[in-house]
Amino acid sequence: MIGVVVRNRPTLGAEQAGILAALGVATVHEAQGRTGLFLPGIAPIQQDRAIAGAAVTVLAQPGDNWMLHVAVEQCRPGDVLVVACTTENKDGMFGDLLATSLMARGVAGLVIDAGVRDSAELRRMGFPVWARAVHARGTVKATLGSVNVPVVIGGQWVKAGDAIVADDDGVVVVPHATVDDAIAAAQMRMLNEEGKRRRLAAGELGLDIYEMRPKLAAAGLRYLDELPNE
Amino acid sequence: MIGVVVRNRPTLGAEQAGILAALGVATVHEAQGRTGLFLPGIAPIQQDRAIAGAAVTVLAQPGDNWMLHVAVEQCRPGDVLVVACTTENKDGMFGDLLATSLMARGVAGLVIDAGVRDSAELRRMGFPVWARAVHARGTVKATLGSVNVPVVIGGQWVKAGDAIVADDDGVVVVPHATVDDAIAAAQMRMLNEEGKRRRLAAGELGLDIYEMRPKLAAAGLRYLDELPNE
Amino acid sequence: MIGVVVRNRPTLGAEQAGILAALGVATVHEAQGRTGLFLPGIAPIQQDRAIAGAAVTVLAQPGDNWMLHVAVEQCRPGDVLVVACTTENKDGMFGDLLATSLMARGVAGLVIDAGVRDSAELRRMGFPVWARAVHARGTVKATLGSVNVPVVIGGQWVKAGDAIVADDDGVVVVPHATVDDAIAAAQMRMLNEEGKRRRLAAGELGLDIYEMRPKLAAAGLRYLDELPNE
Amino acid sequence: MIGVVVRNRPTLGAEQAGILAALGVATVHEAQGRTGLFLPGIAPIQQDRAIAGAAVTVLAQPGDNWMLHVAVEQCRPGDVLVVACTTENKDGMFGDLLATSLMARGVAGLVIDAGVRDSAELRRMGFPVWARAVHARGTVKATLGSVNVPVVIGGQWVKAGDAIVADDDGVVVVPHATVDDAIAAAQMRMLNEEGKRRRLAAGELGLDIYEMRPKLAAAGLRYLDELPNE
Amino acid sequence: MIGVVVRNRPTLGAEQAGILAALGVATVHEAQGRTGLFLPGIAPIQQDRAIAGAAVTVLAQPGDNWMLHVAVEQCRPGDVLVVACTTENKDGMFGDLLATSLMARGVAGLVIDAGVRDSAELRRMGFPVWARAVHARGTVKATLGSVNVPVVIGGQWVKAGDAIVADDDGVVVVPHATVDDAIAAAQMRMLNEEGKRRRLAAGELGLDIYEMRPKLAAAGLRYLDELPNE
Amino acid sequence: MIGVVVRNRPTLGAEQAGILAALGVATVHEAQGRTGLFLPGIAPIQQDRAIAGAAVTVLAQPGDNWMLHVAVEQCRPGDVLVVACTTENKDGMFGDLLATSLMARGVAGLVIDAGVRDSAELRRMGFPVWARAVHARGTVKATLGSVNVPVVIGGQWVKAGDAIVADDDGVVVVPHATVDDAIAAAQMRMLNEEGKRRRLAAGELGLDIYEMRPKLAAAGLRYLDELPNE
């Protein structure tokens, strides 16, 4: 659907967002059954930032950032701007002026399947970005896309209002309807991991903690003292 | 043209270089009509460095850094060494010894369509580098290339003496003859952006500042309250 | 050879490891005749770490980190875990729990031809990693691979017990039998470079230090004052 | 949703399928507003085949073709098997045995975001395939995926029963609900193009047929007799 | 230079074009000192076609084929249309309608750093194309580029009127001023190769024909009967 | 090991070669436990050719085909020339003259981790090639590599005299010592597949032939009539 801006969409509570950001991408992805994770091509341009927020989605045309300006108006505090493109494109659709505008509206960060520029300035401003590329290439404002329609980005299907979690490991989407389930499962997983972390730090082996030895033996794993001659 | 070293070429004043570096890649690229920008594959190996200088160009053979040694002699304080390759190659053509030599001559930095090595040491030395890859692979000194002939690098045509600007966003070339025009246009653009930045920071929308609403409407943009059922 | 764990393999002395790490990837690679260097796709996820140790090798299946757990038990203090994959795969086979376990055993670091996750936490823990990708994608434990069999990784042939050196420039393997030779040659090279570094820093040209001028002339290099009209 | 097979889904009439295949990927993609087109990484392994059919979707695990066997049973004559993967993978999930089974069921072809093997035999059999890679790498049958759940493939969202059109230009998906609209619009477009083709073949210019000259002039296009000196 | 169409440019005689096409890309590239060859990313969409002609150059915007329509009018019989893009883009800028128009004007073929579509039809029509990708993605007509200005494409600098040679091996540009020299050198090379081909076919070794043995010995090549133990 | 030519190496009988070529890459790779398969980047430049032979290995330098000439002398009828490179390189190291020379010696084909040129002529001559790229870029003869030392190519470890099998699916290496075992296992596999092929062609399901249903059920696969609302 091209040429459409959808105004209404679900929101994400600030508390939920804080919890999701703290849980992190890897844990949330695992907790919801290993779904929702973006492919690794969209990567952070900074280190040590973790955010979560409701997606404001943009479908942009290659080399054209017109719809980003339209999308700013639809953003509310805590949102994450999620920009997909109708085709592969690395042009610098986003820079410090748009970041200034988004920060003024309290937006938590940007996830974009295209390029960004003013990257040093974006880091100085503290506005976190996950992008396909850093590229200064300028864009035009000539062709319509859409705002808040469902988009495919990073190999995932993202609907406006879905929760986006992004950190140094990448980006994961949590469908709006399952945010609470995902949080509950992720917190359970964290608790569980905490116990394992202590045991592993004390020198216990995963082989024993996870009781892998019998399964490995059943699968036919053989221990040899020496490498046989090939 | 292979096997040639050209001695004379235009220079870039220290003041011009300082201004270009401060303006930065994105602004200069825009100011000269969105031309001259390198494709994103050649990227900085450090953060927060911005340089500008006159290009000393090198056309090197794959896996062969002989011409870099020849080029050092042609470098003057403030120059930027720009190394293209006759074919795609990521070998480590440049390391800390060549950097030591270039720093001794006051060279501002290196832009290379190949690999570099001793990357940690290069950062420690403070010698800024934009490269295709970090790769320790050693090179030979067996086949001639050229110095200060025009080269294609990063999808751009660079002549010796052209101004090179490089920062966290990448690299842009400004033809020698148009440096002053580019600076003037870029400074105008900066001034113009400064006003917009303040308005955006205060919460005004780009939609209004850039008067986009009528054009968007004319292009047929529709606002819907809800996403229609697909 | 699939489904095998080999227990015995050569070790690397702590002193040798310390020397190799200090010499660094570029120097060691050159010193052993420009061999053993990994292709640049496997890169550090942190800066300014240099390690060396004996390889514990793993051959893993795509999307399956079972063998990593098996390999942990085979690791001794100072080892480097080297994980190859039977096919191209970027899934997040390794995270903070496995790192905790390896740190508890004194392992020096990880080199993996796949993805890792919990990357921010790995940096915080100080566990150094060289990986194909940062990717949170979860893995299963379903199919056997092997531990301490020879593997191909980064375009190199690595046998258990070979010395692995890794730093900001990448990764190099030194066959176990030639570690002492490689160290001796690399130290000689370092000494030799030190003298050159001082001369280059003082402004002498590599053209003169390496006596390149006659060879360049013999190869036909011509110096022109001006670029001829094309 | 992992571990699920959905039995019911929409179908596509043989006549609709025939029309869509004849219209072709480029025309159908244009006719539905430039949507639904797969990114170019998934390409035909043969030339001069055009198919259309209802999608039977598979979500497979990397290196694991278990779900393809499950999906065969869900296929009906004229269907197109569409295989997405939970992560990037080029293993050879599909070969001549599975093709034999699908041909026995009257399946029109395969679209797969992974590798295929027995490629020469597949061409000999006349079973058309669009794949990410030709790669003989064998796969296991160890981990569940799903059949007939919505999947993301080629940057598009595909639901079971959606129409898939594939030819030498690639692959496009038409949502089930809009198949008739897409056909009508595409046929209109074809008619329109036919007239233009005759005029262009007769030497008329697109500049005149599409009345571009005034718009180009308004955009500022200048005609010069000679290239100005740069 | 954006927004400009240059009318006048050099031509290439039909006889010269025929000779260049027969000589082929590899021979011409070698004959002019290993220059002018395009990087391998731009590849033929058909087999067994070899063309040569004078370049009509286009600088296009991403996702926008407006300038191709402008360029058609500038084409004369025997020309080759050469389309560069201001940024990386694989959209389907060219299809059977534009090919119909170019064939009506006697154009020899297309070289494009972007995508093409209707690829099966282009092969049926016999219009030869070298492209970055086959991709049906539709384009707009919204932003100016230029025609017959110098462009960078395939890592080469191409000026309007330069000779373009393209065959199964790729594309090479011959500067207009040196076409006759390149032809002469290439014909000499062909003659020379013909004699060598006969000797090689008769079983003589290149080692002897090219008198390599002394140079190999001087470089230190050693012949061993057996592989030494590593 | 650089600068070495090893004269003696194992051979492969003509009958074994014929059997391996007929079995094909996919079957041989499976039969030897899913090992030895090259990564998909090295692909055939022709269709419908299948070869097998003993490897004559070459380790070449980037942009330098000197060692290929040295290797020709080491080739015997039925051999396959296998060219690895010390670093990533796509230059056109091989063309019709070298092919003429190899055909004169009865060599079965070429597998090369670099570029080849004269590709149309190679197809006309009927000399089969598997290459990283088609690229006309010329090479020098300046730096030593080696012949008949073990090399890494396509992610595999290949020793001189190992059997190489190559067809439309890619390339697989069979260690010399296990050729007979591989043939026996592959023939068994073929027989086994033949029976399955007939049953599948008759409409039986793999689900039943391979008795997958209980395992799928045990793994938790659920059949639903309708897709649940997300």
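Labels A, B, C, D, E and F are assigned to the chains in the order they are written; within every chain, residues are numbered from 1.
Here, contacts are C-beta pairs under 8 Å (C-beta built on N, C-alpha and C of every residue); 3 or more make two chains touch, one makes a residue touch a chain.
Everything numeric here is computed off the predicted structure, so don't read it as measured data.
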Residue numbers at the subunit A-subunit D contact, same meaning over half shared and different meaning under half, come out as same
Check: interface with higher C-beta contact count, D-E vs B-E, is D-E
Note: subunit C sits from subunit B at a C-alpha centroid distance in Å of 30
For the pair subunit A and subunit F, the C-alpha centroid-to-centroid distance in angstrom is 40
The positions of subunit D in contact with two or more other chains are 1, 34, 39, 86-88, 90, 137, 143, 150, 230
Within the complex, subunit C is touched by subunit D residues 61-64, 86-91, 137, 140, 142-143
In the complex, the residues of subunit C that touch subunit F are 1-2, 33-35, 39, 86-88, 150, 152, 155-157
Note: in the complex, subunit A contacts subunit B through residues 1, 3-9, 66, 69-70, 72-73, 90, 92, 95-98, 100-101, 103-105, 115, 117-120, 123, 133-138, 141, 143-144, 148-150, 159-160
Residue positions on subunit C within touch of subunit B in the complex are 24-26, 29-30, 34, 37, 39-40, 43, 47-48, 50, 167-170, 172, 193, 196-197, 200-203, 205-207, 210, 212, 215-216, 219-228, 230
